[in-house]
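Presented sequentially are two complexes of chain A, the first with chain B as partner and the second with chain C.
Our next item is the complex of A and B:
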């Protein structure tokens, strides 16, 4: 357990470059509020308060994706670029523990981003929390953050072979933003794209989040929450398999220092 | 004339070192989804005037996002890459070099703005309608000029405060909102409107709004153009002073290698 915590702390402190206070405030506090201003405010003026509420919850979910995917993908890229991952590969350390430890301290950042997005929505577009079913709402937020962390770990496998993690983050977040129902409802897309969207993180969670916000009890949203959790587990598993495969390929070819993308 | 030579040299130097195709395509993914989402939101309104305004604003948002990011880091990259040394040796003020670099990034990201506009057309399925389209070219030119003046501010700022990674992630959307690209700034809450009025782009966008709406547009458009030009000059003066501060810090304190 101690090793796990040390690995969590060291990957977070050493490889997450947004920890400097100016960057942290910019990304965790100001970024979600700015996006609420961009999307929800436009929604309120172009349609109605209910539309801005829909967009506000979607943007709050996306804000979680931004900080988690950005934080974890840059950690993976820097781990290879700075040469620190070679120490892991040379050691008998438990790969699963190391893999899981990388996302632990990024998880609270997702919750903070969500919180500041909700604060911004309350201040800017007068988001009304009067009918929220808090139990289901809170659980939905926690599970969405987990599945996004898992998705970020999965994207980390691509970031580790990339020279520029920003490109990986941009593509990963773009897919979520357009297909998960954050702004554009997935019912707008053809049926097969809608089904594809349901295997992405955040899609099922946003359904549950919006229903809980409108007052639906936990029993009504638990199905979507469970689907979201299982989606996260799936990405976590795929990401771990990719992480292990990367080590094997890098060792066999001796190409640890070379970027593939 | 020599200043123009310095600006053009900086333009071509920055163009050669700007990110390649793979990164450009990755950034385009973010641009496309943001454009599609904003177009979707405003398309639901059915308000033709607002739709036209936002459809013009969305490509400008795309340009603003990446110009401010790239320009903001350009001076810091020169410092880290040890090429600022040669800049300091020459007699050319840093501001002219930075102006050339800023123009590079504007030129580099204009195609992304065009692609963004095409995305908007595909999502909305209709062309923007403007009552007085003759105001558009000058208004757009002044928006770009204002964008250059305001984005240039961040280059010396990052060096002076020692900006770290992720510094611009909030500045990009805040600038898009307060720059008048999303909504006419008179629709923002009062406090935000006051801040937005300090940006030249918000006044140039107001000229576009007056051109969309129709009657009485010339007076409003010319007011917007005049204030936009004045504010752009003010911001350029601020940029000049900031760049001088960077040069002074380096020349007087001898801190070329550190912040």
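Our next item is the complex of A and C:
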């Protein structure tokens, strides 16, 4: 366990370049509040009282994706750019433990982003928490954060292959923003897009989050929470398989140390 | 002596395509049937020009690259089929700026690599402290590596390679980019590792380094071994010239031109030895030219005239020509 924590700490501190106070505050505090305000007022401006609440919860979920996907994908790209990944791959390190350790310390950042988003929504947009079923709501948040972290680990494979975490993060987050129900209900899409959206992270979790916010008990939202958790587990597994495959292919092709694609 | 590292007919071909994979395919043969063995407990030098295949060889032996064909073994374990066992046998020390986490301190970098090598907490703590002291980084251990000088980073690379106290050390151009003092300090550590019973495979293109440190050397060129043996054997066997060094009392600008016509003289290199002129004369073996040299330069102008063994560099250049 100690070695796992050392790996988590080292990859977090060594590779997460937003860990300077100005970047951290702007990404964890200011960004979610700004986005919440923008979309909540947009909803209010649309004169649909439901829209403001719908957007606030969706954007709070999306804010988690921003910090976690950005944080983890840059870690993977930097590990390759710095040449440090070669020393990992030349060692007898447990690949699964190392892979899992990379996401651990980014998880609390997702919760912080969500917290600040909700704080902004409560203070400035007057989001009403009076009906919230807190157990289901809290569990939904924790599980969405987990599945986003897993999704980020999966996107990390693309980041380490392409050495372009910004591009990977942009595409990965755009897919979530458009398709997961953050601001656009998935019911407006054709049926096949709706089915695709259900295997993306956050989609099922947002259903549960919104229902719990409106007062639905845990028993009613547990199905969506479970689906969200299993989605996350799926991405975590795919990401690990991709990580292992990357090592094998890079060693076979001799591309591990390449600077350019 | 039993072989602890073996390469047998190792071939490695790199394939690249222009235009991000859509263009013309290009093949580069980095290793072309490489075969050599390294006995246990020695410092073995792998010398060669840039692009000869030294780094490719190290990467194959450390499981960072798979060979296209052939076999390579480290401590009896095949580098492809038993890669996980191979990775437990060695420490890797590379030259260059890359390979460390700049935002972590020196101690934190070592703790991370101790963790990935499954070292216990107590052993890692003890070993990190001991190694930082050994390489002279104990006072800088709490500073981020991005603040380290080039020499300090290289010493941290060495500390990392020794973390698990491995029996085998692979060192790929460890003194590259270091100033002479830094390089000398590092070179002084290497024989100590060998005295501890370690086997060291060192790649370099600094001949002086190989001559000073290595018990055996192999010269690699275009992916193949072209010469191997002890440094003395290589100098004797492969140098195509004998060397005469002349120190002149007074500088003679035309000395080089005047000596060239002398039969048996292959090459004359003029240099300074402080205020005096030094002539390094390459002579075909078996031809006596001292009398002619004395006659051309003038006995009274010659401070000293000695015949010496060729250096490893001179032998190396003869082999590569």
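We take it that the second predicted complex is superposed on the first by the 257 of 261 C-alpha atoms of A that agree within 3 Å, B and C clash if a C-alpha of one lies under 4 Å from a C-alpha of the other, contacts with A are read in each partner's own complex, and residues count from 1 in each chain.
Convention: contacts are C-beta pairs under 8 Å (C-beta built on N, C-alpha and C of every residue); 3 or more make two chains touch, one makes a residue touch a chain.
Worth saying up front: this structure is predicted, and the values here are computed from it rather than measured.
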{"item": "Chain B versus chain C as contact partner of A:98, first or second or both or neither", "value": "second"}
{"item": "Which superposed partner A:88 touches (first chain B, second chain C, both, neither)", "value": "second"}
{"item": "First (chain B), second (chain C), both or neither touched by A:45", "value": "first"}
{"item": "Which superposed partner A:254 touches (first chain B, second chain C, both, neither)", "value": "second"}
{"item": "Chain B or chain C, by number of chain A residues touched", "value": "B"}
{"item": "Overlap of chain C and chain B interfaces on chain A (superposed complexes)", "value": "17, 261"}
{"item": "Contact footprint of chain A on chain B as seen in their complex", "value": "19, 22-23, 25-27, 29-30, 32-34, 36-38, 40-42, 44-45, 47, 50, 54, 161, 163-174, 176-177, 182-183, 187-189, 192"}
{"item": "Partner chain A, residues of chain C touching it in the complex", "value": "12, 14-15, 20, 59, 62-66, 84, 87-88, 92, 94, 96, 98-104, 108-109, 111-119, 121, 160"}
{"item": "Complex contact set, residues of chain A against chain B", "value": "17-18, 20, 22-24, 26-27, 29-31, 33-35, 37-39, 41-43, 45-47, 51, 55, 66, 70, 74, 124, 164, 166-168, 170-171, 173-174, 177-178, 182-184, 261"}
{"item": "Complex contact set, residues of chain A against chain C", "value": "2-4, 6-7, 10-11, 13-15, 17, 19, 82-84, 86-94, 98, 251-254, 256, 261"}
